[in-house]
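Shared between the two complexes below is chain A, which pairs with chain B and chain C, respectively.
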Partner chain A sequence: MLAPEILAEFAALLGPERARADADTRALYARDETPRSCTPEAVLFPASHDEVAGLVRLALRHKLPLTPRGAGSGNVGGALPAPGSLVVSFECMNRVLEFDPDNRLVVVEPGVVTDDIDRLARSKGLMYAPDPGSGAYCRIGGNLAMNAAGPRAVKYGATRDHVLALRAVTGAGREIRTGSRTTKYATGYDLTRLLVGSEGTLALITEATLRLVPAPERIANLRVCYAGNRAACEAIIRVMRQAVVPSALEFMDRRSIEAIRAYGGAEGLPEGTRAVLMVAADGAHDDVPRQIAALEKALAGEGLIEIQSGFTEEEIARLWTARKSLSMAVKKIAPLKINEDVVVPVTRLAELVEAIDAMGRRHRVPLVAFGHAGNGNLHVNIMVHQDDAEEMERARACRRELVETVMRLAGSLSGEHGIGSEKRGFLPLEIEADTLALMRALKQTFDPQGILNPGKKLPD
Partner chain B sequence: MLAPEILAEFAALLGPERARADADTRALYARDETPRSCTPEAVLFPASHDEVAGLVRLALRHKLPLTPRGAGSGNVGGALPAPGSLVVSFECMNRVLEFDPDNRLVVVEPGVVTDDIDRLARSKGLMYAPDPGSGAYCRIGGNLAMNAAGPRAVKYGATRDHVLALRAVTGAGREIRTGSRTTKYATGYDLTRLLVGSEGTLALITEATLRLVPAPERIANLRVCYAGNRAACEAIIRVMRQAVVPSALEFMDRRSIEAIRAYGGAEGLPEGTRAVLMVAADGAHDDVPRQIAALEKALAGEGLIEIQSGFTEEEIARLWTARKSLSMAVKKIAPLKINEDVVVPVTRLAELVEAIDAMGRRHRVPLVAFGHAGNGNLHVNIMVHQDDAEEMERARACRRELVETVMRLAGSLSGEHGIGSEKRGFLPLEIEADTLALMRALKQTFDPQGILNPGKKLPD
Partner chain C sequence: MNLTDHLQEQVRLAAERGTPLAIRGGGSKAFYGRAVEGEPLELAGHRGVVGHEPTELVVTARAGTPLAELEALLAEQGQMLPFEPPHFGIPLPGPLPLAGEGGKDASRPISIATVGGMVAAGLSGPARPWAGAVRDAVLGVKLLNGRGEVLTFGGQVMKNVAGYDLSRLMAGALGTLGVILEVSLKVIPKPAQVLTLVQEASAPEAAARLSAWGRLPLPISASLHLDGRLHIRLSGTGLGVAAARNAIGGEAADDAVWAGVREQRLDFFRAEGPLWRLSLPPAAPALDLAGATLAEWGGALRWLRTEAPAAKVRAAAAVAGGHATLFRGHDGTGEVFHPLPPAALILHRRLKQALDPEGILNPGRMYAEL
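Presenting the complex of A and B:
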């Protein structure tokens, strides 16, 4: 428990309602989407940049670690409280500070919900391109911390590609401003993109200037059914080899389709379907049909069973029925989903999917793989029963093998979920010792006392 | 002069032909495109990553500063030798190490000429998007150092947006690998983008994995003539307000047009033209006309004199005649061109152009402004006679005023040329003291002895 006189100092800074150490509040902020939990010493709710700067300085004085938190919707323990830490929840910093459609930018505090930014942008014909699956409730601060992405990344890039400038407070309590409001920048070191994806371990972001892009006039979808994983993976390569970049290229593997069938969500999927691609195109009204035709051409090939296109909202919704049921269908397999987010070059996807199949059989754990195949980014879900120690052991071994396979295929540990506490042990498999040492030195430069999100991102 | 026994050590590493301290070689590498020069102690020509690692370690042992150099085509003194330094020229590291069109990437050494990368990409229907004006002779290492860009950046982004991974040697002699071959990455800290634009002050890049994009099937151009600067600037805002992002949006101001007229290059420009926009659209064959029509609509407005479109190579070449003559025309005004590369939000361009006009009159120096207006990025050329001390003094005062104006308009000191030795004194006008201190600390982390490109990027 935090000493009452220290809590009083935080309360003096933030007001008693926004510096809380009661058991209920602490319990509420003890977990994110990982199965583990750890109760923090207190929860702080700053409402402004100055309050963040103040609380970091107080934390420094008392050598108290801080665990920053957006919506707690991450699944690698990025917002899981470190033992003895104070949670800094950004939910009260949820103002849009400026919306400048003519310069295609918006300035937001970290607690703004991602979809709200997109909604605001659309009111002026613009779009905030990154679209994480949790967009309806996640907060932009968490997206910035993890370099979140989503289906549209294959065409538009990830969060990092849409940040122009940041305001932040380092672990040394220094207030910094990075980048520029301009769309070109060759002035200072690029601290902006360094902070994006640093998982709150270098600085606490208090304001972000985000780049907006023109909203497409229209979206169309294809649902493409294949006889097997390999046929679908070959089609992915063909799509990425031609000129039309889809605005989504999502893959569901054989086990995903089996899960959907078992759940009863496969209505409309033709018999023999063992892998599905969901493909989207967006752009000008008159140009989308041309794109769809080019994509259909690339998607056709050996093992193709059916292509269905959807141009209206209803048609699109119908095509997505099976995909939408996947999340619930997977939960039927086993209560706990260990969600591994991995990424490989697109041409290695077939090998990855094949290896996943084999390792699931070998370790006797159900593996369901789906995700953003246009980026080579798969979410591999290991479905387990948390109270079955032997099964959990097999799941661990399987996870280790998955990571090693990804390394062998020149891939990366995380495409969009980040490292958090759950994957940091694997980092030395991907990042060489000297590079890792440099990353640690950077951490030390930004946060000399190590108070910002300890136990995350970098291995001990 | 470098002590012969030290030169011998470098010669033992690189071979005597690639470690040279003769007067001729040293003189050849004494300058870049800035008017100043400084003769280095020696010039080193490494041919591999290992040789770069070896020479950095030798330089560390002897406490010798290194000045990295691409083609020497920069104009802010980025490759201007620091006093007492050894130039590291990357011209012998000019191999394409890998071309992987299916994964849309290419791995190159820093000495490869930029346009050669694009040419290689086009052989497989791809494109390397950044297109600096010096593309025919500049080297990718220099582009990476400066975060170079060009006209296409308005649609495709700058160098930084097209780098997936780097191999490099830090100032501490550590060999690092950053990023990943994958198009999504949420694993380590983003050292890749930190190194891009760091002007060789943090690490020497020895390999770059570059992202390629589908090459457009077709390009079309518009030449748009306006009655004055303000009318053109208003049109720029209208273009950036609608959905079609042009693949170039270039501006020439009133003084540019006057210079072209005086030079005799204005044939075909209608009478009354006092500002010109060159606009491009690219994409699928059947979609480009739609884009051009949308752009024409946005470009029309008060002060428009004429829009001409070009769809064939000949038509396009004809439209560019006036623009192509600008460089030579400007040289007629005065022998020395001080090229200031500044950037402001697009909506502030009109104010910037007006202020440039006023400050040119007030300081009695000819200012010619043109550039990548879709990014708010102008090259402001102060035309002077280097031997006229009084005029040079006025030019300096004018340059200072230009920078202060850009700061007032929420702009940045450099859009694409970088800071080098020539602009670093201005950095404190843009970057706050605490942020600058952090940048210095980063420099110290990467290069503790300060041997990499001293006297560049950061102010003393």
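Presenting the complex of A and C:
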């Protein structure tokens, strides 16, 4: 636990209510969505930029590591406390500082819930495009740290593509402002894009200016059933090479469909379905049917069993029933989900899906693959029982093989979840030693004492 | 041709001797930024498209590859670079053809711009606010750092959060952080239909209309306001373009106006004197400065011809929430880019130090201190 006299210094800065070292609070902040925990020394709840700057200076003086945290909804250990660290929770920095519909931007503190930004934007006919699955409760600071993304990324891009400017405090305690309110980048090097996705290891973001886009007038969906994984993967390639970019292109593999069937969520899926694509189009009212027609044309091909379209809210909800039941269905297989979030070029997806199938059989672990296929981004879930040491060992071997396969297919370790503590050991497989050395030099530049989120993002 | 070994050797030698290097592709954007005193490091020979699977929306090219060659290759597959980079490098003034733009006479100068220079300059064309900037399209970069080591950032996939995002740091860094050897870029399918419309509008009217349209899902892909006329480009499916035309109104106009503004071949750009490039919030009112203005990007980019002192231009841009770059009409010795605040300058120096410890790569091209 933190020495009382040091805690008192933080309490003097933040007030005793927002600088806490009691056992209950510390226990509450000991974990994120990673199946591991580590109790922090204290939990700090800054309420302003100045308080963040002040607490970084105090942490520097006492050489105390800091673990920044949004909602703790990440699943790679990004907000998992480092041993001996203080958690900096941004929950109290939840103000919208400015909403400027004319310039299509919003300035927010890091603790604002992602979906609230979108709701605000929609009140003026705009939207905040990034749509991570945890949008209802995750906080924008965590999205910025991990460069979060969701289904809409295939058309609109990830968090990084929607950040105009940032205000932050570096690990050296300096305030920086990056970017500008204009759609063009600011002067100098592009530090905005460098900070987004740096997982809180370079600076603590205290303010973000986000770009908003016009909200579509209408959305339509397609549920497309195929006889096998390969047929679906080939359809993905056809979709991505024609001119209508879908606003979502989600894939579920054979194992996903089996899991949904076992769970009883496959009602309405035609006989023989072994892979499903969920495809969305959005835009101006009259243009959406035209987009859907173009997408249907691209989706048709060998192995197609059925295409169903939905234009009303009810129809869309019905089409999504199977997909929505997937996460519950997967949990039925085994209690622990080891979630890999790999990316390969779209043209290598079929190879990846086939390799996943084979390695699941070889290592005798259930592997369920689904995800944002339009970007080549697949969530591969290894389903295991944590108390079965032998199975866990097989899962580890399988995970290693998965990563090596992705590297062989010119892919990447993570598309949107981040590296955190859980994947950093694999980083040398993707990034060469000289480049890693440079990344460490960058870390040193922003955070010379290494107090910001130690043990994350980069390997030891 | 792959000149990596040769270039690596030159950078290593320069690092040993502390010789500054002036990195050069085609030289088309030599006017942009501050002047560099140094040994030329020529990238033009290091050329060739090394990866382009038409089914993947990614292309990988060596830095010296002519931009015109890359664009022609993409066009054959019905693809394009989303950010419509300006080529420049065509002697001004004069309406000379670009490759593929009716340039039938092979002896006339055509585009000399290279892919590496395009990324290093980081300049994007008319589609930028709607389709993203150069840096948004950069998926991966291979470069030589200031010690002559080959480093690779990013890759060829659309999403990647492994490691720090250093590839995008190279876009717009004007070669001060590394010698770009190879770059992987996201490409997009060409739109099925393009339509240019023109209508009468004063500057405030144009701003109000653009602001209103900006909240609607219209397939606008470029805007230009000059001399009381507002040009709008629509790109998309036939039906979407037709519907948007009804919503926007205006007369059909020649699509060539977009190449004219992108390559700065319009009369507006031919006048003598300083040309400023202002980045402003799109709805910011016109700056209170004497001179002529041309507005692009829904109002976010304004070209200003003015004899007003630099300090005054920069101050006016900053007050409006933006910044000013002295684009043309300077001698390369003064400040070109908006000055950096002290904390940012410290970080910039350290970044430069991390990538180029001897300070030999394009020293001073961006800021005197870098």
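By definition in this document, the second predicted complex is superposed on the first by the 459 of 460 C-alpha atoms of A that agree within 3 Å, B and C clash if a C-alpha of one lies under 4 Å from a C-alpha of the other, contacts with A are read in each partner's own complex, and residues count from 1 in each chain.
One rule holds for everything that comes next: a contact is a pair of C-beta atoms (placed from the backbone, for glycine too) under 8 Å apart; a residue touches a chain by one contact, two chains touch by 3 or more.
None of the values given here were measured: they were computed from a predicted structure.
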Simultaneous placement of chain C and chain B on chain A, clash or fit:
clash
With both complexes overlaid on chain A, does A:Ala389 touch chain B (first), chain C (second), both or neither?
neither
First (chain B), second (chain C), both or neither touched by A:Ile176
both
In the overlay, answer first, second, both or neither for which of chain B and chain C A:Gly411 touches.
both
Touch check for A:Met1: first (chain B), second (chain C), both, or neither?
neither
Overlapping segment of chain B (options 1-9, 19-27 or 271-279) - the one that collides with chain C in the superposed model
271-279
So which bits of chain A does chain B touch that chain C touches too?
100-105, 125, 146-147, 149, 153, 157-158, 160-161, 170, 174-178, 180-191, 193-194, 196-198, 202, 214-217, 237, 240-245, 284, 286-287, 290, 343-347, 372, 375-377, 410-419, 427, 430-432, 434-436, 438-439, 441-442, 444-446, 457
Sort out for me which residues of chain C touch chain A in the complex.
53-58, 78, 122, 128-129, 132-133, 135-136, 145, 149-153, 155-166, 168-169, 171-173, 177, 188-192, 211, 214-219, 236-240, 243-244, 279-284, 297-298, 300-301, 321-323, 325, 337-341, 343-344, 346-348, 350-351, 353-355, 366-367
With touch defined as at the start, can you tell me which chain B residues reach chain A in the complex?
100-104, 125, 146-149, 153-154, 157-158, 160-161, 170, 174-178, 180-191, 193-194, 196-198, 202, 213-217, 237, 240-245, 284, 286-287, 290, 341, 343-347, 372, 375-377, 410-419, 427, 430-432, 434-439, 441-442, 444-446, 457
Listed in rising order, the residues of chain A that touch chain C in the complex are 100-105, 124-126, 146-147, 149, 153, 157-158, 160-161, 170, 174-178, 180-191, 193-194, 196-198, 202, 214-217, 237, 240-245, 282-284, 286-287, 290-291, 294, 343-347, 372, 375-377, 410-419, 423, 427, 430-432, 434-436, 438-439, 441-442, 444-446, 457-458
